[in-house]
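Read through the structures below before going on.
What follows is chain A paired twice: with chain B in the first complex and chain C in the second.
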Partner chain A sequence: MARTLAATRIDWVGVAFAVVLTIVIVFPLLVVGTWAFAEVWRFPALIPQQFGLRFWNQTLARADVWEALRTSLSLSVMVTFLSALICLPAAYAFARLKFPGRDILFFSFLVGHAFPKFGLLVAIAAIFLQLNLIGTFWGVVLIQLVGTLLFMIWIPVAAFQSVDRRMEEAARDVGAKPLRVFWSITLPQAGPTIAAAVLLSFVGTFYETEGAWLIGAPAVRTMPVLMISFINNQMVIQYGAVLSVILWVPSFVALLFARRVIGGGAFARGFGG
Partner chain B sequence: MPVVLVIWMVVWPIISAIVRTIWRPDASGAYGFNLDTYIFFFTDRYSLDNLSLTLWTTGICAILLLVICLPIALYLRFSAGRLPAYVQGLAIFPMFVPSIILSYAFIRVLGPNGMVDLILNAAGLPKIRTPYLTPWGPVIGLVWDNIPLTVLILLAGLGAVTNQSVEAARDVGAGPIRVFWDIILPRLGNSILVALSFTVLGLFSAFTLPYVLGPAAPEMMGPFMQRTFRDLYDPLNATTQAVIAFGFCLVFGLFYVRSVAKNRTP
Partner chain C sequence: MSVLEITDVSKIFGAVRAVDSFSLNVADGELVCLLGPSGSGKSTLLRMVGGFERPSSGRITIDGEEITHLPPEKRPTGMVFQSHALWTHMNVFKNLAFGLKLRRLPAGEIKDKVEAVLELVGLAGYGTRMTHQLSGGQQQRVALARSLVLEPKILLLDEPFASLDQHLRERLREEVRDIQQRLRITTLFVTHGQDEALALADRIVVMRDGKTEQADRPDVVYREPRTPFVAGFIGTMNLVEGIVSNGVFTRSGFSVPLAAADGPATLAVRPEALELTPSASAGQAKVHRVTDFGTHGLVDLELPDGARLKAMVGHPQMFSNGQSVDLKPTAIAAYRDNALIHRS
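So, the complex of A and B:
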């Protein structure tokens, strides 16, 4: 009796959460979106006096925006590629092979996460200073690589571990070579999760601000670094708004792809929850 | 190969940072044990103000995050359907908003003449005292930014609470508060501590939000380190600050590693 009553009752708690979270989380972003398409928005008006795309043309005509976009994209591609090259074989080894010192090595990855990241970046930067890597492209690549390492190890390890071992053994029993087993059985099962990890590390690198600012600026200017200078020094509000909207596109793509990984709970477990 | 990289990029910088701040040449050039930079940090009014601001922000954010995220996680755990799915989607959403865009949105909404001011003005109410460039600016931004991770960790922890145990407690007449206190909280303790560790670690290294939204002085440790390193060209003191930040986070870092080790032992 009580159960059927509960089922038909309107979920007021849920409605309250939904409304409050919508206001707190979606509303600020809507305001930014509106600013990006506002040509004139003076103080007391609730909505812009004039909408238009004038500031899109102006923002996209700026050389520094294109330069930063190119820097950001080439950095992200390079970092993601290197990270995948280094981490995926390691993740497979961690998930499958038994070798001495395996646990210790695994936790050495964790240690990187157990220190405040910015302090770590400063410590790395102090070393880069002696190596003359400050203000260079490769300096930024290296420092951003650190940020992706943990990510690219954790999620793929979980993916490889969840592959059904019996199917691999069955394939081996009918005479498949190890490489063939990996290609036809292991990879298709682990693939989507690994693709999500790669995507997340790409997006994470794209938005990485601290390392790029500390090591790269002012010689290497990525999109987020450009955005900081827009916030601090730019009088035209719309430039920042347009840049925000452009910047948010990769994140939105990631959001669509990453839903299954995060919803699956592997993600939270990866963080130790 | 990845191990070498981790050692070179993580372990080595930490050791090098510690060694180089306590074992370095004095004025005459002879190497020796030297704690000057630490003595300077802990006697310098400004450095101490920055440290206490960071601790204050961390404390406030941790409390706010628990107060906000625990009810959301509890609600999500004990309900199903489309509305909870929507709530969960929203709670995780900030993870996909880069902090730099968040900073910009914050200024446009809560900054001077921002959206909140516009709405209050339209309703005939006085303007708010904007939290932009006050210590509350980073607090609001950081809480917003940390909601997804906290909710996810708490939710994962709530997975350990079985429906049977909750129903059994209800059947013997326990009220919601009693159920929460005696059944749920003991199982959730570990997750709360993990979430707390994350908040502390994240806040000590927060840079973008405090840098853009916070006051210029005193500032949080992130911007302080950055300014010491880049604007004052003083890597020695910046590294000292980093080591001090490591020290404060050590307990939480160790706890985090231990907790993951326990959950993950293959």
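So, the complex of A and C:
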């Protein structure tokens, strides 16, 4: 009897969390999503008076939207690629090797996230100005690279550290040289978690706004920067809403990919779970 | 002829001498168990033979060829790890075929070899299974097969059954012994389980603090332990500290004739070598507890000064708690300064 009562007791804390999450995350998304498909929505109506795709047609007909989408995608691909190229060998070294200053260097990757980001960006922008990198594609690549370092170092380090050393030793034992061990054993074992880090870097770069705006604008305009200018400069709220819905696509695709290919456990392992 | 020769090998980690001037020769087809408590250096020694640790000094040869400084992939050894260390992203077949592919064998030969070794370890038809679909015992068999398929000169087993339950452990160790004898493969086996060592080994090397305490056949190690440490570590042993005076060992009313010079000594008596007779008077000891195992009984005894002894008896129902008994050892050994001074 007591068990039945316990089993049917309502988890009020859980319900409270669900309500708060719905209000904070789902409700704004719902409102923005509705705005994107609303042609007429006047106060105090709870639902739009007229739905339609007029603003989608108008938004997608704009050349600057497609240009921004191309810029955002090429920036995200380039930043993620460079970040992986630089960070993965470094992460392996942090995970497997002992060298002087290892711990300090490892924690230094947190620094970029330990202080107000905008101040750091302004300081970097001043340096970039001297180097003629302001308003250039590579200037934005460099600034966005800084933002990915944390994910691309810390998560792969955890991934490499969680690979059982005995597995690597067993591979050496059957005749594999160190490079072959890394390629055939370590990387496949750490792969899902590293893929999660790459995914987070890609999505994080795609949505990065402050660096792209400060270093890139007005010559280099990414989707989020364009969305901000739409919201600031256009009195029609639907333009911003349509762009916002378009911006959901990468994270939605990424989440589907993560769920099907990587598995939720990879994220947990990456964060030490 | 010795296949494996370990000569004066030491391994120093910082201030710790994990292995200390250790020497051992292992004959062709012999199964040698390295037995000792945690920290005795047995796993470090095995890892040095496998190439996973570099000796601080000394020499290791296999078939007369020095391998001391060769990396693991160049040694003719095969290691089975305690944690199985199977590659979880590969199925059973790929786990076994990996080493053969590195040797660039033709695909047909790889398939034949893998299937033959799977048959040998009783896992025929399991090639397509992923390792997580196997039980602990099956995983350990795959780990063994992965080493055997490469036909190593020396098989190294690092506490391979430690993570398995008692029943499975006993079954697997019999299987391993069968396979080892069928293949006549020279084997170095690390364990801290004395039962495992006694059941499996042609020879047991008891290790302590990185050194050999005794290296002998299992029956010799059991019946004739050379040091009190070996006596206490192998099987159940009563170790009683006392004094030898005029050819008699005495401890709190318990005395035994002992042909040794006067002085302190440690008397070693197996429970099965301690006969009990009920005493009408105070007796040499009192029964503290009687445990009936069905086939035999174990009687816990207490000497007048509180020292405890164990005796194995055929009829435990003859004894009861608090009963006075006299003790008559039928086989004893005595030690002084870590050396044997008497056996009878």
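Some observations on this one:
The definition used in the following text is that the second predicted complex is superposed on the first by the 244 of 273 C-alpha atoms of A that agree within 3 Å, B and C clash if a C-alpha of one lies under 4 Å from a C-alpha of the other, contacts with A are read in each partner's own complex, and residues count from 1 in each chain.
Keep in mind that, in the parts below, a contact is a pair of C-beta atoms (placed from the backbone, for glycine too) under 8 Å apart; a residue touches a chain by one contact, two chains touch by 3 or more.
Predicted, not measured: the structure shown is a model, and the values here were computed from it.
With both structures placed on the common chain, the touch criterion links A:R166 to chain C but leaves chain B unconnected. Contacts of A:P188 after superposition: chain C is touched, whereas chain B is not reached.
The partner that reaches more residues of chain A, of the two candidates chain B and chain C, is B. Shared-chain residue A:I23: touches no atom of chain B or chain C. Legend: residue contacts after superposition of the two complexes on their common chain; A:I124 is shown touching chain B, with no touch to chain C. When the two complexes are overlaid on their common chain A, residue A:L145 makes contact with chain B while staying clear of chain C. By the touch criterion defined above, A:A176 lies against chain C but remains apart from chain B after alignment on the C-alpha atoms of chain A. Using the contact criterion defined above for the overlaid structures, shared-chain residue A:C87 touches chain B, although it does not reach chain C.
In the superposition on the C-alpha atoms of chain A, no part of chain A is touched by chain B in one complex and by chain C in the other. For chain A in complex with chain C, the touching residues are 164, 166-167, 169-177, 180, 184-185, 188-189, 191. Residue ranges of chain B in contact with chain A, taken from their complex: 1-3, 5-7, 9-14, 16-17, 20, 71-72, 75, 79, 81, 83-84, 86-87, 90-109, 113-115, 118-119, 121-122, 144, 149, 152-157, 159, 191, 194-195, 198, 201-202, 204-208, 211-212, 221-222, 225-226, 229-230, 235, 238-239, 241-243, 245-246, 249, 252-254, 256-257, 259-261, 263-266.
Across the complex, chain B is touched by residues 11, 13-15, 17-18, 21-22, 24-29, 31-32, 35, 43-46, 86-87, 90, 103, 105, 107-127, 129, 142-143, 145-146, 149, 153, 161, 207, 209-210, 213-214, 217, 224, 227-228, 231-232, 237, 240-241, 244, 247-248, 251-252, 254-255, 258, 262, 265, 267-269, 271-273 of chain A. Residue ranges of chain C in contact with chain A, taken from their complex: 50-52, 71-73, 77-79, 81, 83, 85-89, 98-99, 102-103, 143, 146-147, 150.
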